[in-house]
Amino acid sequence: MKLNCDLGESFGSWTMGLDTEVMPHIDQANIAAGFHAGDPLVIRRTLLLAKEHGVTVGAHPAYPDLVGFGRRSMNCSREEIIAMIHYQVAALDGMAACANLQLRYVKPHGALYNDMMAKADVRMAILEALAEYHRPLALMLQATPEVDEHRHEADNAGVEVWFEAFADRCYDDDGKLLARNKPGAVHDRKKMLAQVQQLCIHGSVSSASGHTLAVAADTLCVHGDNLEAVQAIQDIRALVGQG
Amino acid sequence: MKLNCDLGESFGSWTMGLDTEVMPHIDQANIAAGFHAGDPLVIRRTLLLAKEHGVTVGAHPAYPDLVGFGRRSMNCSREEIIAMIHYQVAALDGMAACANLQLRYVKPHGALYNDMMAKADVRMAILEALAEYHRPLALMLQATPEVDEHRHEADNAGVEVWFEAFADRCYDDDGKLLARNKPGAVHDRKKMLAQVQQLCIHGSVSSASGHTLAVAADTLCVHGDNLEAVQAIQDIRALVGQG
Amino acid sequence: MKLNCDLGESFGSWTMGLDTEVMPHIDQANIAAGFHAGDPLVIRRTLLLAKEHGVTVGAHPAYPDLVGFGRRSMNCSREEIIAMIHYQVAALDGMAACANLQLRYVKPHGALYNDMMAKADVRMAILEALAEYHRPLALMLQATPEVDEHRHEADNAGVEVWFEAFADRCYDDDGKLLARNKPGAVHDRKKMLAQVQQLCIHGSVSSASGHTLAVAADTLCVHGDNLEAVQAIQDIRALVGQG
Amino acid sequence: MKLNCDLGESFGSWTMGLDTEVMPHIDQANIAAGFHAGDPLVIRRTLLLAKEHGVTVGAHPAYPDLVGFGRRSMNCSREEIIAMIHYQVAALDGMAACANLQLRYVKPHGALYNDMMAKADVRMAILEALAEYHRPLALMLQATPEVDEHRHEADNAGVEVWFEAFADRCYDDDGKLLARNKPGAVHDRKKMLAQVQQLCIHGSVSSASGHTLAVAADTLCVHGDNLEAVQAIQDIRALVGQG
């Protein structure tokens, strides 16, 4: 089981995330590409930090919405989505190569990620973008009960897929994440570690109502917003072993 | 003698330049990279248009200034310049590869171009950016009396350079372009063609005061703003032959 | 019957619309406020042009989406909508005052306009923004079969409303505009003038299927994209008389 | 002696400055206007916070450079500077009025402030912007040995001026701030308080070389970046008394 984390989300004079503290403990860095966060200097520094720690790098493209941090769904056309992904992924890809790193995958950010999971046309546009990209990159999406369907779609497009699960979020009976404003939506430390263990050993989670759901994940999404979060990453790391 | 032109300078719903009319007549397309003009969709379409006409593609990076169209000098640090060039060039480079094209060169835009010609530290930062880029790209700059010095600087950095001259602009005795607001700064059709001929045959121009200046250019910068400009490109094309 | 037109939609070096040709023929200028189009200089010049022709000025606020020209729906919160309207309206309001003009109304642009017509929560947020604004401004929205309901909502918020109809667009039986990609969606000159006449005399339109729909409009939305459009405005002006 | 502080410099999801901690201790809040920092929601919240503590509000306009935080000089024309100031000031002015506050002054930010102090043409453009604004607003600039000359320029333009001094920065013999990278450029707590006391009682500072310079200031610029800075503000507040 790998650990992935959104990084490089500072912008200009604004700092976000404890990238330096997080990087030593993760396997995959989802690096912001400039549309929701991450300016060229931040990207450059984040890539060098990933290199220093031998972390695999992925592009984290988003809708063009700095002020909304890419969290607001935008009604974009298929052609717009393909072009915006190509632009952001290519920028990361070339800058990674300048640092002697090879970009390996793409994880859409925020509202683009949510739209990918919820809307087939957005997911198809993203798969088409990766299929048309000039070299193979994997797509990271959420492990849900539709894993087989999503893998089938990706196979048809000729795109490798990686599935991620969430360590600290409670799942509902449909395999979706419980909305953040619902009670119990975010696990405490103990429940989080129990969920990680269950994901690693049994490939499942226990839903809010107590049902066991199969969740076949390749990687766990962790967060590095503050020192407590970094401590949680270290605990998860200890539990899953070196990725 | 090649012909190069700034293209892909539309943005979103705003159109600029007669790209479709210009592309068949030029050799090198300097394609805007998103910081002064050119959004991902415009870049994609411009690349496909270049491909259709077998035109060599270059990146046209700029200071981050959409509203000023990259024409206002910004006091950026060496590290900022390197990162902004890497980001823009990489975006173009990868998107060109998606269209089965290979990006070949970089021509800075507007104020970044002027600062490159006027300020050694900006020029050094740009050369450093290209030297650090993960594969070789040529740098296009203006053919001035400092051509040898600039070539020497580029050799030291291990960067190939291409020099351009201007077809329709009058030169002063220092080999600089006469400021646009000066009388006679922009040639009429007849003088433009005479200057092109002199550049091609003798590698020189006649300055405003009538002196002959050596101007050793590899390529001529032409403009495609309107139908008259496109006609001028066709006349120049006829004069210089197929590049 | 007044004529209103979206103006000031140039941005930096990009020009859009024939503002100079349009302004003499309209009553109300909906001026872009910087989020989808219109930079500070464009706003300033557009206000001076409106003043020269005695045209009433309104603010034309949009979602923050330059590259999408404000035409892509964005999932914004109520508080975000209120703040973005206050910011844009205040900018226009103060700049109008600098030109000795008084801003009179607000017409949301593009996707924000469409969302206002289609979604009650967006409409409520916009009404709340105007109710909280420090001085009264009218809200311009589309005259539909829900005119009475919308007027009631606005009365409750204490906001004056102006209703607009479209001269050149065909209506469906629900009083909505026929989608642009449908046959007959945009009227030719003759049908447009007939629709204007019917709107002025009878306060109604004939729908695509031939039904007569009551459309009680205070103002007609016209367009100034090209010379043909400007000619259409002049024809409508001649038909409706001086507003 | 008043205390002024740059506030409202968060942007979207990025937080900057301890506004909540700082506001109770200052007299004048310089509020970012959206071009270098401060989105509509941040502006709205900062205005409400200022109102809660009875703090006078000013606009803090900047060059349009989010990624550079307005700290990079941009070569803008007189007309561009006037328009960008009108736009930003009007946005703040109207939003302040929505919160039942009256905007009282303008303090340019970052590179625009530095250019105002160093370049007569930029200073003239800013004075012209305020002279043309539709109601009187004071301009805050640095108290230097050119105070009389600057006051004279402002009188000619009909603009009220407020002069500020810096509590924690060492002055050189020309009355400029010692560059931050020079030894002793930033005072420790003890020297800072001594400088504040000298400014309040004698209207002077002791330069790096030990000379006494007259510095006639109306207000002291303080900073609220971190908890130590907030403590420093409280110490200065105790020293100068209630403004």
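Order as written gives the chain letters A, B, C and D; numbering starts at 1 within each chain.
Keep this in mind: a contact is a pair of C-beta atoms (placed from the backbone, for glycine too) under 8 Å apart; a residue touches a chain by one contact, two chains touch by 3 or more.
Keep in mind that this is a model prediction, so the values were computed, not measured.
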Report same or different for the chain C and chain D interface, where same means the shared residue numbers exceed half of all residue numbers found there. same
Between chain C and chain A, distance of the C-alpha-averaged centres to the nearest whole Å: 41
Got the chain A residues that touch at least 2 other chains? 39, 67-68, 80
Considering only which chains touch which, how would you classify the arrangement: line, ring, star, complete or other? complete
Considering only the defined contacts, which chain B positions touch chain C in the complex? 10-16, 37, 39, 66-69, 71
Under the touch definition given earlier, write down the residues of chain D that touch chain C in their complex. 34, 39-41, 43-44, 79-80, 82-84, 86-95, 97-98, 100, 132-135
Please name which positions on chain B make contact with chain D in the complex. 64-65, 67-68, 72-76, 80, 111
